[in-house]
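Next up: some structures, all given as structure tokens.
After this come two complexes, each holding subunit A, first together with subunit B and then together with subunit C.
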Partner chain A sequence: MSELLVRSLEASTVFLLAALGELVNQRSGVLNVGVEGLMLFGGTAAFVVAKSSASYALGLGAGVAVGALLGGVHGVFSIRLRGDQVISGMGLWVLSFGLTTYLGSPHTGPLGLPPFPTFAGLSPFVHAGVLLVVAVWFVLSRTSLGLAIRSAGENPAAAAASGVNVPAVRYLCVVFGGTLAGLAGAAYTLSYNPVWNYNFLMGWGFVSLALVFFSMWNPWILLGGSVLFGAMWQLSLNPEYVLPGVLSRYVWRTVPFLVTVVTLTVISTPWFRTRWGLAKPQALGVPYSD
Partner chain B sequence: MRFGAWELSVERAEGASPARVAVGALVAVALALLLASALFWTPEAGPWAAYRIAFGYAFANPSGLGATVHRAAYLLLCTLAFLVPLRGGLWNIGLPGQVYAGALAAFGVAFWAGAREAAAPGPWLLLMPLAAALAGSAVGALVGLLRAKLDLNEILVTMMLNSVLFWLVADFIKEGGALMSATAEGESFTLPQDFRPPLLLGLPPTAFLALAASVASDFVFSRTAAGYRVRTYGLNPQAARYAGIDPLRVSVGVFVAGGAFAGLAGYHYFTAVPGLYKIPTNYGYYGDLSFYGMICALIARGSAVGAVPMALMFAGLSVGGRFAQGALRLPFGVDYAILGLLMTTFVLSHLVDRYGFRWRRISPPRAARPQPEEAR
Partner chain C sequence: MTREQHSAQATARPPVLRARGITKAFPGVLALDGVDLEVEEAEVHAVLGQNGAGKTTLMNVLFGLVQPDAGEVYLRGRRVRFRSPHDALAHGIGMVHQTRKLVAAHTVLENLVLGHPRARGLLDLHAARRELRSLCQRYGVHVDLDARVWQLPEGEKQWVEILKALYAGARILILDEPTSALTPPEVQVLLRALRNLVEEHGVTVLLVTHKLPVIRAVARTVTVLRAGRAVARLPVSEASDQELVQLMVGQEVALPGLPTDTPRGGVLLEVEDLCAYNDKGQLSLRGVSFSAHEGEIVGVAGVTGNGQDELAQVLAGLRPAASGRVRLAGRDITHLRPLDRWRLGMGYVPADRSEVATVAAFSLVDNVGLNYHFDPEICRRGLLDRGRLERLTRRILATFRVKAPHPYVQARHLSGGNLQKLVVGRVLSRQPRVVVAHLPTQGLDVEAATFVRGRLLEAKSRGAAVVLISEDLDEVFAVSDRVGALYEGRFVALVPRHQTDPETVGAWMAGLAGRDR
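Right, the complex of A and B next:
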């Protein structure tokens, strides 16, 4: 059972890291629906580099760097060129899906390194995830940079009039979001499930994206949501802990996705939006031109 | 950037002409193939060997050509499934899920009719595609409803439903599932002869249906009030609301139609293509292939007829790519890599539509005229 708990926390961390980066992205007004693609690329780069060099540090660095780079590419398209953010995000996802399948396939199989080091019985990514939640909450709600980020996402024209460099703030956020997506991918392939297979995420990035909406753009609610979804994900892989012998294991695999749809439906109802859902950045997905 | 008396600048364009859009699409495809050639380069064969082998197999080899045409029909149906909602400004990323739903429904009808044993004659050949279209539509209707009623992001919902339906197919064809083959684990039973659609010129009816639907789709969007309403909603939902266009009808309508096309695509590939007639172990690959339909629709800029040659070419690329992969011992995923690169070059071509190079002459500054004496 404790093994299940540990695995649940590790799964939660992958969701949390990707979703936290996307939350910061969205608070600045930039939507990246291609977060799964960034995770795929980051995870594949981390896996290939770690396997080739036998170094977790190098692998981790590669995953994070690739994520940051792709975040920057999304930034150039959506901020500098004021392109459609959905097209850019979908482009990044399909590109990553296609290229990682081809480039990663010679490395299909286990990582072949000793298990990722743990700290207090947990992967260091878990601790890093919690610290990042605290840091993001602090920056967003207690610093002038956080105010600039939030104002860029709410009313960029007003932010610019008050001296905020909106494009610079948005670039910072998309690169940060890409970095965390790359880190989430690396956490998946180096620690949570160190076996490479094509399209290994199969929807984790999209669940992370849904978690941002679920969190109402609040890092603390995001942390809770990630823990909930991580536990649910792990239980869907091990249903014998909950209802042994009831339904096939394949039906259980559908549960996290079905719950995501139901959750999204509930939080999108007018009642919920009126009562709690006022936190959505007003300028989300809208290109800014000064 | 200045070159003597001339200046080259990049400027935002208000709108692109159809000719420019067409050239942009062709350049996007050519650029993707060029980039992919670098990936497929091997010291023994050179960069173009993969394409020579791929296109040679896909279009000049009788068995390859057959596979290409069947796959093109599948991609064309997937293109329509993506394109119809796209004209309404909505992204149907749920093609794989709707394809699986269609396949499950068609095999469900066959199972119910007793296809695993000695089936009694019946209208199964009509009921199977109908069930497939209805199943795809039902999945689409849910997405359209959630989008229209609750403004729920359709990309997220369709991606979730893709995963749900992927695992549901596994449930039906693996570990003793209802549709599992009696002789092989992990795939469905094979359809008996009576349940296979007749072939005309070697092609099932769904191939002709895909072509006819492409023509009909362009007609509906360019010549009918319903098409006009969908396009208006797609271009500006706010203005469409002011004009009295019902968002619910548009959103649900386009997703129902799109889902029906995807369901038929599932029916086509798993029940109507000679040599298959079952849901195979690698059914996920066919779901992934459906994303080529998305690329076809995007590169053809919403024209279903314009997407026909695209579908044929991409079908050839994916069929031939797999063949070249084996012949040149390339890593798995040649067709996936091309898919990714095509999407990237499409995004770039989208940018080219929005920006243009302007080359203009800079007038030299006028010399000051000498003032008349009295004016001083």
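Right, the complex of A and C next:
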């Protein structure tokens, strides 16, 4: 049972890290629907580098760097070129899907390193995730950088007229978002499930994206949502812990996705939409030009 | 004191802010053409000019939002270059923009702190609140620091912007058309407060406006801009209203060469005491009455924002009338849907040709179809007759001299002038009995503008009643049989063209109601 708890928290952390980065870049007004792709690429880079160098540190560094780089690419498309952010994000996902399949398949199989070190019985990614939630909350709500980020996402023209460098703030945020997506991918392939296979994420990035909308861009609600989803995912793998013998595990495994559908449906009700509309960054997904 | 003496005095006391030879070209327009500006310390300096004169562009240059192609800016005698608003703010220049630049979802306090030079790292909202309280007290302003900006009335939002500039340490305050969104009492409060800022606190105010009463109330000196040039700088006390209007409008107002010889027929359009709300829920059309006769062009002059949008949209059926009546050939159409109005012979040329009048991604054929989809000639039992529609489009392209490679090109690829010819052609080819044309030549080159005016005159000689809503006095005088001006939602007057002149109508547009020369 405590094993289940640990595994749930580790799964939650993967959702949390990716979603937290996405939350920050959305608060600055940039939508990146390609988180799944960034996680796939970051995770694969981390796996391959760690496997060939036998170093977790190098693998982690590679995953984070690749995520940051792809975040920067999305930034160039959506900030500098003022392109359609959904198309750029989807493009990044398709590209990553294809390239990681090609680059990763020779490494299909287990990582073959000693298990990832733990800290107080948990993967250190879990601790990092919680600390990052506190940090993101603090920066967004208590610092002038946070105010600049939120203003860039609400009304970039007003921010610019107040002396804020809107493109710089947005770049900072997309690169941060990419970094955390890469970190999330690395957490998956190095610690949560250190076995590489084709499309190993199976949509976790899209679940993270949905979590951001569901959280109404609030890091604490996001933390709660991630824990909930992580627990549900883990339960779907081991339903016998709770309700032995009820339903097949394949039915259980659809639960997180069903919940996503239900969540999105709830989000689209008028009742929710008014509250949600107030929380949603007004300029989300809108290219800024002065 | 003559004008020369005044400028001699200005050199004796160095201006706090000076701009020399500011030039700025946008694609297709020379917005500023070697503009000089001198502002003295602790005065209200007005910048007067019609729409499009370049006032906002000049202010944006001074605030670092726009980089000039040429020219220099001096602050207290020292050359400065502002690459962004950040630089301008750091030099004590603050700006309140023509369009609100506030984050609506944030609190007033957060908006005030955003971008503040001292707000680095941690946000100390408590200290900011204390400072702002005392600032409010000093300037006699009351705003609720914890309210969300979207909850505030327009007048208070403006206060937030002014307060924001002062809080950032501005000693020079640029206000771009600050009265345009305010109600008359709010205007009075603002003007009193500006006087107080200048007299008691030594702030320098640069006030951009096209309203003469506002200048009279607060400004000491005025610089007049016309078509990107500074045409005069003079003390307000020495300038007569007539002189200012003449400077603003220009003497080159060319009177018509076009015949207006069609005899006036019976009344086609009757508008009675029409009122309407704008999008913000303010009553911005406040009792307009007029009629338009068969074979007549009624020119409605006025500066945008005085109820023109609402008038055009209510006539077209796109905005409900709050009260009043509209009759077309004797039939009450006040509550008819746009389509029913079209069927009765109403034609509408919207002000915004690329967003409202056409769909950019549609072909020209489909865009023409937007005005014909209900026509039994084109649409039978719900099916569009594509062949006929294409022939019709070809006819419009030829008759209205639209330069387009072929009828199936997307509307987005047409230049402004050609697109407008298409829109006008689409409307006029239906042979409407009443035409409402709103800013039909805005932004067009001389050739296209002349062509469009010519087509309106043609419609008139065919017997249509044309309501031409325009900001361009030359245009209004060139084609109208009767001329009126809208100011703050009302007609100042409506008289036969030969009984008035551009200066008089310019004065009406500037709010000098019914004052005769």
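Heads up, the rule we're going with is that the second predicted complex is superposed on the first by the 287 of 290 C-alpha atoms of A that agree within 3 Å, B and C clash if a C-alpha of one lies under 4 Å from a C-alpha of the other, contacts with A are read in each partner's own complex, and residues count from 1 in each chain.
Convention: contacts are C-beta pairs under 8 Å (C-beta built on N, C-alpha and C of every residue); 3 or more make two chains touch, one makes a residue touch a chain.
Keep in mind it's a predicted model, so treat the numbers as computed, not measured.
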{"item": "Subunit A as common anchor, with subunit B and subunit C clashing or fitting", "value": "fit"}
{"item": "Computed vertex angle (subunit A) for partners subunit B and subunit C, CA, steps of 10°", "value": "80"}
{"item": "Touching partner for A:Ser105 - first (subunit B), second (subunit C), both, neither", "value": "first"}
{"item": "Partner chain(s) touched by A:Phe97 [first = subunit B, second = subunit C, both, neither]", "value": "first"}
{"item": "Touching partner for A:Thr254 - first (subunit B), second (subunit C), both, neither", "value": "first"}
{"item": "Which of subunit B and subunit C A:Met202 touches, first, second, both or neither", "value": "first"}
{"item": "First, second, both or neither for A:Gln282, with subunit B first and subunit C second", "value": "second"}
{"item": "When both partners are placed on the shared chain, which of subunit B and subunit C touches more of subunit A", "value": "B"}
{"item": "Partner chain(s) touched by A:Pro115 [first = subunit B, second = subunit C, both, neither]", "value": "neither"}
{"item": "Subunit C versus subunit B - closest C-alpha approach in the superposed model, Å", "value": "6"}
{"item": "Subunit B and subunit C contact sites that coincide on subunit A, given as residue numbers", "value": "none"}
{"item": "In the complex with subunit C, residue positions of subunit A that touch it", "value": "142-148, 150-151, 154-155, 157-165, 278, 282, 290"}
{"item": "Interface residues, subunit A side, partner subunit B - complex", "value": "33, 77, 81, 83-84, 86-88, 90-91, 94-99, 101-103, 105-106, 108, 198-199, 202-203, 206-207, 209-210, 213, 248, 250-251, 253-254, 257-258, 260-261, 264-265, 268-269"}
{"item": "Subunit A-touching residues of subunit C, taken from the complex the two chains share", "value": "65, 84-86, 89, 95, 97, 100-106, 110-111, 113-117, 119-123, 164"}
{"item": "Of all residues in subunit B, those that touch subunit A in their complex", "value": "39, 91, 93, 146, 150-153, 155-157, 159-164, 166-168, 170-171, 174-175, 177, 288, 291, 294-295, 331-334, 336-341, 343-344, 346-347, 350-351, 354-355"}
